[in-house]
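First chain A sits with chain B, and in the next complex the same chain sits with chain C.
Right, the complex of A and B next:
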């Protein structure tokens, strides 16, 4: 009877495990297999670790990795910083909070491609509204045609779109801080800055870390906005890893090489996820 | 007891899911009939088609929405499909896939082992990539035995037959056309790149650009823009094996010419950074005197058809380099049979039906292309200035695009480095070209 009971929970979870294996584990394993193949003239051959070797030697990959790091650092910093400020403001129970929330959420509701195309149009030379506003200050140069300008536009646009998501996570964290603590701090004479550093920041830190990790993973895997705004250009100035992988798979149909790139991205994401779990564990330990 | 039932139910559910996923697709039993049918509706001429031995189904992926009655192309395609079904008894299942998504969707279906259509509509430049992905079938032997094979024009054969293989058959042939505004360029487009500067200076004083063309981050920018200049300057993009050899003096010369045009404001910057419509806009609003488009531009560039028909716009000669003649690239829209086709005979039967001059001629006309067969070209609908000039242009200046197993990869890499070099004149052209070429060789060869 005891044996039967211990077997029973596994049986109950079996359908869910099988389903997860089918939709998650199988594609992952298949990607590993695919990353060791190469197709040429319709013939697929097993090439072992050749695709990984090519990735390590590829200057395009190194350039994409550098661009991904630059993009990620600015995107994550700006998104989390602005989202934090907005979350702090909304947490104070301002009037018309619902309207502010709706406005802030609009970019998140719009599709990546739609938003991206609108951003691209805004920077067209001669026609773009933002180009006409900012361009003259920068000597009339079309901003989107410069390497730094294109990257700045991509970072700004993706930040603009992701702020609401980050803000929602941070606002949820802020709302878990008991009001009584703030009241007690106020009675003890704590000022705004001191209250933030000594109460708000430590208590919301786990949520902040989760937000940073989520936004970082989003940055590393991001494709849609960059493709819609610059398609990775000018030249390769905004070809971050996600776009590089997309091109190899969806434009050149080099599924083997693209799969190898996806494995590299997976490893980066796993490291970030491990960091996230470790941070969570440390926070739990501290809390207990 | 309830627990036991629940466990059995759960296991049965999982088993059903697995069995359903693994089950082969239902294949309809074909009816074996051989008969000759005469069609007297929907087309101008009487079409005689031999009914294939096995009627059944045909799955087609095409570019057009067959419910669209505003555009003549979907209307014609629907009429052709309806006639084909009525004639042969073969049921056609049609699915619309956007032209720029077709190759991706077919390649993904081939890669994932998913259901593939039997027949697809595909632009010439995507064919090689799909061949590499193992998504297309060599149909040389089937096409050689058709009634229209010997009727195919030299353009079509040049584009679609390579080393004894054929993966697609073109319906109409198009290519690059340089259109110019007669009032702004009364002497026409200069035949040599070096002579462009004089016209450029004159137009600049009027606040106009000499020309605009798409030269952004896209393989088509090289295929349509840079490659013809390289060919004219005596260079090549690929060697005989299909290996990239674009790091040569001819490419350097072509890129330097583009740099000169941009620096001297002979072309708008948007040509190198914008999308198709943005680069064509200066010609539409007459701030640029010429545009490099193609035969298809007749449909897509706003107002071009009207301006051409009223004599305000003409087709000019492409710019030549180093005193050599200029070139334009040639292209074709094709039908191709996929490697996963379950109804190959029906796909060939449809192609056979489609190449009847009564079907092919109006189809080519609707696309403003030159029909792929000589007999379709005899149709009086092609007796217009546009067709005469386009044919003349392709005959004198048409150049077949190179072939390579890594065509798109190479063209994209060249497009990226060209854009970078044109926008940043301080970079060393040859050094960057060599770097891009080496990257392709390392990655794919």
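Right, the complex of A and C next:
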């Protein structure tokens, strides 16, 4: 079409672009300024990089970072591993595939808070169904009140909620592997196990990496499920970075510190996004 | 050989059915708890007396109906904003060539990868300075912005699926680009518009963290945050009422998901992979 020089395309795109600049980009940039201030009794003063110094020295931050890493490693591993197995199964073209996918998808469509309420119930002290099932093996203590137990519950619930997403990405990757390759392998007498390691795994590896990075991004930015299930507790046992930031801002009104944490999270996100885009390019380069 | 394949498939089906049961269990659990008579939430999983009493109680409990209304306004308003703005932009991205297109595309992608967590604290501060906390305006603006990038990818896909020949024919018949867009292209993408609106609605309806930070006034709370408050008060003593509130929040999301399932899944994969 010959609209190359008219203003028509801008009339269509600018409302959305300007809206995003105002509501998404501007606040993000504003967090850099905010991170260099301190508010006390309604007066905001400029303190330079002090909030970052505080973060670097804060043992709370270090603990929170460690917890985030633990949370991320287990959550990503479990999600991608389970999703991979499911994707392999669903790629065989079973008749009920559509129904299975829909059901596996349901948790993703539920609010984090409704999921949180139900997961708390299942570990409720006296009559939680999973507490009664697993509790006795672990010595009968309420699992959710122990540091490691609470973390395990949060990881399990978050995994439950996002398996479907990883599964969908991996399934899309598996479907790009041509059927003929499998047929050729089976004619050559290659069994299921060796076919998987010699053909499927290497061919789907780029998609697997994309999925891993994607779920890692989700993990680093996790906050809702944890707030809904443990609110960061017991004590600080599940206070991952997002929860730490929330508490500092909304409980202690440390906005400068919380804004500095947002900037730290932003930088982590930018690094991950760069990884993500690179792995995606490699994936599409291989696919074509 | 065929028998072996059947055996494998039977095993897979058995495994997948059990797995689906586990995935579905928390939802069924919440529904079962909500059907117990008051005070008997957990004495057994299956209610001894089945009752809808809790849903009646919920109707007059606290400000729950008001929370639902707030959720509808915020999520509906936000979905409307993002669907409208994204549709216009998506059409330009799908069909027109113009200076700055690449940069704009990259910008939208960047905003899509920007998690809400990173901008929530500054949004809170800016809104507080502008006296916008606890308002519909703020929530609709924020949900609108959250939804725009994904809405653009979904709508772009829809526009690209319409044959260009239709627009070219209209242009030959003397239709202006604006007429072509409104009278020919847009009616053809109605399913896309509805799907985009509903998907955005579900995301905002479910959103828990954003309204938790931005709204503190009881009258303005959304259902998700209301549920969080209920959790503190009701857990352990009126679980069946809490469960009923859970179900009321779950059901619209599940129904809308089932209606838009195909677009929902495709939108998610494309949003994550195409970029």
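Just so we're on the same page, the second predicted complex is superposed on the first by the 251 of 288 C-alpha atoms of A that agree within 3 Å, B and C clash if a C-alpha of one lies under 4 Å from a C-alpha of the other, contacts with A are read in each partner's own complex, and residues count from 1 in each chain.
The rule we apply is simple: a contact is a pair of C-beta atoms (placed from the backbone, for glycine too) under 8 Å apart; a residue touches a chain by one contact, two chains touch by 3 or more.
Computed from a predicted model, the values in this text were never measured in an experiment.
Of the two partner chains, chain B is the only one that A:58 touches; chain C does not reach it.
Of the two partner chains placed by superposition, only chain B is touched by A:40; chain C is not.
Between chain B and chain C, C touches the greater number of residues of chain A. After overlaying the two complexes on the shared chain, residue contacts for A:124 are found with chain B and with chain C alike.
Looking at the shared chain after the overlay, A:235 reaches chain B, while chain C stays out of its contact range. Legend: residue contacts after superposition of the two complexes on their common chain; A:86 is shown touching chain C, with no touch to chain B. By the touch criterion defined above, A:282 lies against neither chain B nor chain C after alignment on the C-alpha atoms of chain A. Of the two partner chains placed by superposition, only chain B is touched by A:253; chain C is not.
Shared-chain residue A:9: touches chain C; no touch with chain B.
Within the superposed three-chain model, A:214 lies in touch with chain C and out of touch with chain B [touch as defined at top]. Residues 8, 11-12, 15, 120, 124, 127, 250, 255 of chain A lie in contact with chain B in one complex and with chain C in the other.
Residues 9, 12-13, 15-16, 19-20, 23-24, 26-27, 29-30, 33, 42-43, 45, 81, 85-86, 88-89, 91-93, 95-98, 101, 104, 107-108, 110-111, 113-126, 141-142, 144-146, 148-149, 152, 167, 171, 177-178, 202, 205-209, 212-213, 224-225, 227-228, 231, 235-236, 239, 242-243, 246, 249-250, 253-254, 257-258, 261, 264-265, 268-269, 272-273, 275 of chain C touch chain A in their complex.
Against chain A, the residues of chain B that register as touching in their complex are 3, 6-7, 10-11, 13-14, 103-104, 107, 111, 129-136, 216-218, 268-270, 272-275, 278, 281, 339, 405-406, 408-409, 412, 416-417, 419-421, 423-424, 435, 439, 442-444.
Considering their complex, residues 1, 3-4, 8-13, 15-17, 19-20, 22-28, 30-31, 34, 86, 89-90, 92, 94, 96, 99-107, 109-122, 124, 127, 129, 160, 163, 165, 168-169, 172, 210, 214, 217, 221, 223-224, 227-228, 242, 245-246, 249-250, 255, 258-259, 261-262, 265-266, 269, 273, 276-277, 280, 283 of chain A touch chain C. Looking at the complex, you find that chain A touches chain B at residues 8, 11-12, 14-15, 18, 39-44, 54, 57-60, 120, 124-127, 142, 144-147, 230-237, 239, 247, 250-255, 257.
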